[in-house]
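Here's the structure, in structure tokens; my notes come after.
For clarity, chains are labelled A, B, C and D in written order, and residue numbers in each chain start from 1.
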Amino acid sequence: MARDEVVILGVGMHPWGKWGQNFVEYGVAAARAALADAGVAWTDIQFVSGACTMRCGYPGYVAGATFAQALGWNGARIASSYAACASGSMALEAARAQIRSGRCDVALVVGADTTPKGFLAPQAGERPNDPDWLRFRLLGATNPTYFALYARRRMDLYGTTERDIAEVRVKNAQHGFTNPYARYRQELTVDAVLASNMVADPLRLLEICATSDGGAAVVVASADYARKKGVTSGVKIAAVSTVTPSYPSDQIEMPDFATDSWAVVPRPGHAFRDSVARAAYEEAGLGPEDMSLAEVYDLSSAMELDWYEQLGLAEAGEGERLLHDGVTRLGGRCPVNTSGGLACFGEAVPAQALAQVCEVTWQLRGTAGPRQVKNAKTGITANQGLFGHGSSVILTR
Amino acid sequence: MARDEVVILGVGMHPWGKWGQNFVEYGVAAARAALADAGVAWTDIQFVSGACTMRCGYPGYVAGATFAQALGWNGARIASSYAACASGSMALEAARAQIRSGRCDVALVVGADTTPKGFLAPQAGERPNDPDWLRFRLLGATNPTYFALYARRRMDLYGTTERDIAEVRVKNAQHGFTNPYARYRQELTVDAVLASNMVADPLRLLEICATSDGGAAVVVASADYARKKGVTSGVKIAAVSTVTPSYPSDQIEMPDFATDSWAVVPRPGHAFRDSVARAAYEEAGLGPEDMSLAEVYDLSSAMELDWYEQLGLAEAGEGERLLHDGVTRLGGRCPVNTSGGLACFGEAVPAQALAQVCEVTWQLRGTAGPRQVKNAKTGITANQGLFGHGSSVILTR
Amino acid sequence: MSTDKPKVPAVEGWFESNGPNPHLIGGQCEKCGTISFPREKSFCKNPSCDSTSFRAVPLSQRGTIWSYTNACYKPPAPYVASDPYVPFGIAAVELEKEGMVVMGQLAHGVRVEDVRVGMEVELVVETLFATEEKELLVWKWKPVAS
Amino acid sequence: MSTDKPKVPAVEGWFESNGPNPHLIGGQCEKCGTISFPREKSFCKNPSCDSTSFRAVPLSQRGTIWSYTNACYKPPAPYVASDPYVPFGIAAVELEKEGMVVMGQLAHGVRVEDVRVGMEVELVVETLFATEEKELLVWKWKPVAS
């Protein structure tokens, strides 16, 4: 049903880290970088699509307006989207829909966050109606609890070892080592990973992503607008998937206490996480075999193994083989997390799905420097926000 | 640039009030009512567009997912939009863009809130970087403070009297008196309004909208989809305006401490609030003279007089004349707030812009009962969220 | 852990702690029979069902471990942790009859080394934390003595 | 209202309270000259300017009332209200040179009846609230004695 191609004209990031500034600064810095990269003046932007942060007061809730005001009101229309870790993709889709529906020619998408140290915790106050509050209160279930459940099940079912998980972390450290936007830039050994403290069995400190400050921005435009700017061979958006589960979902998802029940209505043919990339492949008319690289959401290093299978790069239980064969390493058939992934960046929730888009764009342009994937033609991103927000973007050149 | 008409297939509301339930219940009730009104099964909905509430924990932040899960996961794509009081319009625009870009045929838009009693106050905690926290801390500036500044300036500049303001309130009470969804259904006299306590000079308790629980939902579809459902003469969306200010904006806006400066860059030709409806008229190719009715955002009764002028129904300073001539009363040339407005509903932030759309839809269908505007053909809504979120929707039949 | 303080559930209506057969309380749709936990009271989660009527039903006391982990570090508030902090286990347990997976802490003293995916567990009620006045109770999962 | 407690600004860097000429502190873009309050330190608010350099500048001590109101009811936290509560006025004041409107409370004792749109006011510094240890100061607007 696609009628219009939407082009990535520019991308920009603020380095990830712990900078102690207001999130607005990271967002505006990323936005200015993306505008400069695109060669588009801020005053020409017709639509600003912000990915919200819930941690930074009202300015975070109205991210689109906050960035627009900080860049200087230009009368643009705005949106502010929230989908937890998938917020960046939702904001990108909001901008893409405005362009494809003919309501604007060029739009700016921005996400940025200032994240507290330690476990992500709910805001203060008693909220006994809020499952996100209750899972902390009644179970002490932090975010890593859920990642650990997935990891431990994988180990017991498929024989994944602690060493396998650590090797994912080591690979991503090697990838992110030279990325100037990454926060953690040090090579690691499997032994060093396995020597780090256990947080949620079987996951160790170095296998769980930290929380970071950071910002990322993307300038998107209609093909017509790009042509007028003289851009004829840019990076294009082939798909944006923002699917939700189909009932009954049998995967325990943050922040729920229980899955749906499959006693009355049988389970759908595919699990939720498998459907995320599937919807993107369908829209793009492409398959896993066409992907030159992938940026996936390694909230834990074990989760990356799941994504190999959920992206269709391997059969269920075959993720470890892919890793050991070097398929997902730089130089392999389909390198995964060439940026270093969340392992090297840490979470900056509203920015990270956009940071994935930045990385794939640089790879497709051939400007990724030491971490360049040779002859990269098509890349896929995947992540997931709690409460059933799937997210996957396919870019091509 | 419009390529596709987007049709309002169904609308639904949960009555406004203080019900003490979870906001999800109001939203799902409204959604089910809208689906029934549209004759569309929930399982046929392809896109769910939620208007977020920031008061109800994580489920409020991810309103689209929350409502989708509560209605039963159906695999639909989702969005969650926040623009304070304009959230409903932003969510409507998100759904419209999906339809117009060919990404879906039928979508559900939902907003609902549970609102605390008394002044809207910032969440707990020290947030010295958040202007919305600082305006309470340093100035004791509540929401009515800002409305009162506009009202008092109007009085000193145009000679508006306290009686004029009270008469707006009395008119809206007469309109909302028979509305089954309104919370306050009692006729009022000017004397009763003027006898109520002063809150923020010149505004009295009965002239400032309360905070309410409530929900509203809209089912929108492509013209093709509507035709297949046998709907050929439905209500159509002619425009959705979601503009922001142009720099420098010389109106003091919640939650700011100061306006932009116009010392270096001269002020734009039109004030921000004038630009909200102007953008809608432009998109629709219609003007104020074409409007059969208007639903405007009477956070204070005085503000409704401002809207008359900002919608182009009267010249600046002529709003009172319009009121006294009965133009904006049921039976007049262009009745305003036939629903009773916020005066009779109270604020339920993410729901209210959608409630305006419900009312105009009923009016255009000719099913508004005792408050029906004769031969209503076109209606406009207008409201504004803090941080520069303008919002205006034009519907036609 | 046990004291003379009054014992009350840490959450209202989610589980039955009195008597010999403690169990979780689910909701069952009176129209389609779908079961939910926590108990749905407003709208059926089955997307093809428009019911708004539900009955409370006891959930199975036994199930099998779907997966498990532990909390080596003290969780942040609103969790109320013991002082000094003692790590605890968490399990996701599949209930066969209900066709669902339900989370819960592992019973006091049960370590991750003691369990594995597929192991049979049963529901017990234990103290979650204590205040000055009372002990707050919660459901937990415990391996079935074999 | 005045005590012997140390007096400190209720917000850092927004106004100068010492000396005979209290004033607000704005930011001025070193490239385009645009003025902001509170003081912009990162990015110029002029959409056509990409500057990131700003200097602190004193804002005019006098202006004219753009509009005004009062707070008849006690504002909610984080406002710290006097007990018993005493209503106070609030004004939005236009500064001619800077071309901007800045809000502030009306000085202690100034009622809405005492002011009107267009009236000249000047900035004063008064106590906003006091804690056990100190008095927190804030800027306010006061009609110019004629």
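We adopt the following convention: contacts are C-beta pairs under 8 Å (C-beta built on N, C-alpha and C of every residue); 3 or more make two chains touch, one makes a residue touch a chain.
Here the structure is a predicted model, which means the values were calculated and not measured.
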item	value
Chains touching both chain A and chain B	C, D
Selected interface, A-C versus B-C, where C-beta contact pairs are more numerous	A-C
Mean-CA-position distance for chain D and chain A (Å)	43
Distance from chain D to chain B - Cα centre to Cα centre, in angstrom	32
Multi-chain contact sites of chain B, meaning residues that touch two or more partners	22, 69, 72-74, 122, 124, 133, 247-248, 260
Multi-chain contact sites of chain D, meaning residues that touch two or more partners	45-48
Touching residues (chain side chain C, partner chain A) in the complex	10-11, 32-38, 45-48, 66-73, 75-81, 88, 90, 92, 97-105, 112, 116-118, 128, 138
Residues of chain A touching chain B in the complex	1-4, 22, 48, 52, 54, 56-59, 61-62, 64-66, 68-69, 72-84, 90, 93-94, 96-103, 122-125, 127, 129-133, 241-249, 255, 260, 268, 275, 385-389
Partner chain C, residues of chain A touching it in the complex	118-119, 121-122, 124, 126, 128, 133-142, 145, 148-153, 156-157, 197-203, 247-248, 250, 252, 257-265
Chain D - residues contacting chain A, complex	42-50
Of chain A, residues touching chain D in the complex	21-22, 24-25, 28, 32, 42-43, 69-74
